[in-house]
């Protein structure tokens, strides 16, 4: 899969018909560090691949909120003066990727609210399945919404509760169905929460006396913080002047961490529990070589997201790894797409095949997944046009058949090619000489570590096997994230 | 070497003390294609790694010049309206990287002049060694300069000549000493020239009935053009309504193509003569493994520039290739650098080591070159901080000892660590457990193809062996390019 | 008074210590015109003097809201594409001026909310005296606020009502104490309301079949609409597909239109009821000449706000009117203020005296009001430095002694020089040779027209005589507007 | 005349078909003041009415040039950082207004050149009649031009001279025919020159030990400098470390200062020799009342440029002065012009008539001049639409019949309505009830002061009487300025 909204992408320039998964958000928080905004800036910059559309930081010095949000990359939204003005020793930040229809500044997070208890800021990653229903109920009671974001629901639930703030937050979280990680800031507290199944990752780290929180561990490394642990499914952490305590808003459930984080979204230098992402992906490639070997002259990966798997495949198969495709990393938001006419004349956009590498060769091309199939077809054609004698497509994950309701922007089943076609049909449609997908058990085994202790690997595999960990209501927000 | 001003870099964010080589420019030209500006846009976008500071396009419809230049990336300088306004079937374009002192819009190319013969536009890649002398002579005769760019010199030489335009251009080129590729546009002609030794690369291609020219072949691929051949040393091509003809402004000399193009600057999917860059680099890594093997647990490369060599080293040595370091691709011009205080606390900027990969491991780290040594020291420390047990540094080129006068921005000899220190001393300074450089013969052999037919490989190796192909005057423009 | 936030100002560049009154907002609405956004653009542009800080337009096509808001002038916030995207035949717009502390995009209007009944947009001019109390009550019930603007209060009151929308709006308006004009838009209705005393002006006009609404009549003229009438105190107009109807949310009370609209805020080409502003101001100047004549060589006004009065004074006194002071109209938001050092050396900012006009002359200088007195002192000094022999200050309104609670940003009593000093003391402090203020009866008589029918002239004169038309609670929002 | 490119205009928004005169430039210079750039910023800001399109400042600290130029107003082109970076105790600056075709950054001044003698910067106001011929000669000799600006010619003439710099400059100036004021900066000298007839104004002033130069005296006042004297026709002042000396590059000729400076261009607070502009304009209005009285109810002026004359007319005629027309001062470059459809529906742009003032009244409308007549027709219609019973047009200058070759952007004779039509015909075309122009003797007498000592008043009156002070070659640059 050509990468977008993942570590491997930059800027979001579309490249042909829409055919990609999009992560929705990254969150980052700091509690107890003098210049919390700067740490958050560097943290969000490291999480940029999780959302390139908007960025925001909200800080508190214990008395006053300061915040800034804007459209664009972290480095575009903040300049030195902006950053310096965000005083305070606690902060939460957010990067957001959204479907174009909702690309609005008003939806940029953290969202900030004024309530009876004072200022309240919320940053989320994920999707609340029952948000539409909760929203309708709140509106019936006279609540006013300012955004189309699910995130606003939790603020209203908290504001309307008659309990104290921490209890109100727990009550609110308990009402939510879905996959999400929350950071909630007030002038005296910072709350960190993960959904009941731990669908969306969030970890905590330590930097001197300060605490930091991040969607991915790589952002802890970047700021020099030590990884402490993942926030547990159904856990809510409360940080204030007294230190911190862990509370549960839901009984312990089976963990179901999103498997696409392993396949595609997380940065290769992040780790989920005890598993490094690059290593897991390389193992997936090795396993794929075992499951579906093929005689060939070289192995290449679709850059950047499939490089680790391609290297694993090459190593295991004993076939040289070569750079058969290359991606222009300068493409991005403001890049002018070639006209249809120019594209037909052969103007490439982001990806191109390297003729001098592939000409006359039998190529194994590794991709991480297939969504609609259009990108695969284009890539295979590109390789053939560049002279490849054979193109064997190997996908480092099982067939992607079911839409996600937990924060990944996916098409409906009808548009997921693996939902409507057999592997043979897909192979034919893409024009490849052969096609194979990594098996589900193979994938779980390759991920390994903490994830092999149980049958499902503690993973949400719904996109492959339709075993959604939560109920999926009819009114569920079907195709996108609720950040 | 951490990459800047090469394919492997994006945005130019500095990362610690200045320690990098900088390519200076990329040029792209079109003759005879209806929407020449659009092709040039995509060509320059592909050459973006050769210069991220400014970009410009000048077109002609045979009667009128239209041009636009600006600071920033190609995608930032041009929007749809700008591009659409650049009508004409011929165009030349330029991307520029320069030392910060000269980062001025006034120096952005193509430079456009009004002369007796009408409008004249020039785009260059390279450096004219005797430009200061030529400039002084021209000023004595009353010429006025508007830029600090060497490129202006050739326009004045042409304007002052009493011969016809083509003869004047040949006369002018003959007076220049240095390494350069020129694209010169008037309302009825396009000239393409390479210096006497072919130091800076420039190739021609064919797209239907149109001709295209590019610093690197990868830009031909991107627009769907076919590679025709390299412009020869001392050759000047003249394109006009009559077709084209090749002229020589200098007798045939020994070719001396810049070896740093192989090591670092060119995109991996470009080819120089019959050699693909990724493949050459992989072979350099393999050769390095033969010359300087070491027992280790994994091989990593400094991203992105040393990845090909690292893969080659791993393959040859039979040691797994792993992603031990990672680069944040979102860094760039507007990124706010961490304060000294934050950096001391461990905030990383662009590069970081992957703890879960390197911890407890013996690491072979491949870099393409060492300039001042500061980056190497920093990287080695990063790996050790991340738990690497041993760090063996392997450099996929010979020691870089001498400054370049042909368009690469290098420090003076005093600041080139390999010029003032032995390999052992450098090893100690970087803190590595061992250090080795690829041998010069090894490098030439690894490059291979057309470059092995003669002892020097038809390469300029002056940065390694001080054999400058041209005289180097005392007044030579020592440290930067003349674009 | 040097003008800011009035017709006579442009750009808001501060000129010396804060010493000015600031109007807070202008509103403009359209119902039933195909391209409602464009009309609103031109209307707001005409009302720009009422607020230069932010601008916004929200449209509806009967089904969907579209809106855009931004910091800056109308012409800066909207470009052609933005404007064209705001489809719909009804629109409300807003220009805002606020104290710097609240200069936030989040407070820019129209505010847009999502409620049970669908989208709701509100634009206001004025201040709700009891907003803090209402807000506290709403927060207690769990309402969340997104802005610091009073305007949000009315949206919450409507959303929480269990009645139908129109009844809910009337109920909400009935709870508000203060001076305000409201435009409220839903997908099927447009409501227009004025406070119980008609403190803040709002008029309706007719353009073909469409209805338009504006804070000042001048914006009707600009778009070619006919003036119909002022919205009456306590009246709420309801526009929908059925036509329109007038409702009352409060019993008929004594009208108390803000007298500062006459003195300073409204554009000279606006009319309030049957009185043109330029003409009224000229009459105030004439009356001032009758009340406080002085022997002099010339009359000048502080530009631009006091020109009409100065011309009236000159005409009545038979003394030549001259341009003794001039204002640089290019000053504005981005203008760099001179350093203290430069100011001491005589660098002027916005206003300067014209030496060749005033040198050696006895000058009558007309200003519209004195707030803190600092500007007056500075202006008198400027004239003396330019050689004026005598400076007689004549103020075309009574002494400004009491803060406003209805939407004018005034200092507290302690900082109103006329509240703490006698006329003689003020004269001495400003350095003028003589000083006089227009009498209150004189002002009312000069305003004339519909305003002479009753003792108070149907005006709010609280800033002069402390007769506030509404109760002023302890918790009242003392110093600024609630827009 | 509706004002554009004069003090009375802001932002250049077109209002109907092109019908205006445009001043071309303002220049400002400083020698010997520590922070020369800041003074120049304030000086140029005061001269902004002379050119709103681009602005630039070049400074020298005696060794190094620093400069910045940009499109837009002074306040838009410079921010604090930019200004602070322009170190040095001498500076020249420029504001430029140009025909849209040449609205290019490349033409923004000061132009900066690198010559044998070092850096050279030039800022000009005016036009060189023989520039095209000089340019052709220079190009024949091999000179290269970068701009279409006449200003570049003088730099080439200086650079090609074999004499010392001062002699070269004098030689160069001697070759120029036309109307111009020059500021020329090198690292050790500042030259100030006025053309042979003093057509374009330039004055010198003193601020402590520093010298300042400005197109108009008002900018001296703004920065607190004392007016010293006008630079004389044919005079070149040389400032350097030794102090200053006055040289002549041309024999003393009859002064012929541009009369349009009096009528329209200069700020009302400027003075030309001993005449204040507001006062002169008021006298022109008084004289016009004497020459062409009419029975009427009120007098109004077209804002802002005709206000002084209107006040004079009213005072002399004993008819009340009223604000019958008003201009929206927020219009400007980025203002979106109403569509044709909206304009037909009555949407006004910049000017509007005040119905409540003019309805049912006999109006005398004063304008400063008539160029094409389109604006006059529009204004008369506007007043009639607003209910004026009679409209009597009175023009405070003689009929404008001949194009200017000295820096004023005028149409050709064919498009000057007074060149092709009688006063009666013009009256009919504009739709006025009566029309009259101030007589030429009346104008000269009204200007008065130093200008009454000779028949022509020491004025260039060519636009009225075709008596061009210099030869006008066939190849003269007919319609615009050469800045």
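Each chain gets a letter, A, B, C and D, in the order it is written, and its residues are counted from 1.
Keep in mind that, in the parts below, a contact is a pair of C-beta atoms (placed from the backbone, for glycine too) under 8 Å apart; a residue touches a chain by one contact, two chains touch by 3 or more.
Just so we're on the same page, UniProt names per chain: A, B, C, D = Amidophosphoribosyltransferase.
Please read all numbers here as calculations on a predicted model, not as lab measurements.
Taking each chain's centre as the mean of its C-alpha atoms, the one that lies farthest from the centre of subunit D is A.
Same-residue interface: subunit C and subunit D share over half of the residue numbers found at their contact.
As a whole-number value, the distance joining the C-alpha centres of subunit A and subunit D reads 60 Å.
Centre-to-centre separation of subunit A and subunit B, using mean CA positions: 35 Å. Interface note: chains touch in the pairs A-B, A-C, B-D, C-D. Looking at the complex, you find that subunit C touches subunit A at residues 112-116, 120, 139-148, 155-156, 159-161.
Within the complex formed with subunit A, the residues of subunit B that make contact are 10, 35, 38-39, 41-42, 45-46, 48-49, 73-76, 78-80, 83, 207-208, 218, 221-225, 267-269, 271, 276, 278-279, 282, 308, 311, 315, 320-323, 326, 328-332, 334-336, 338-339, 342, 345-348, 352, 354-357.
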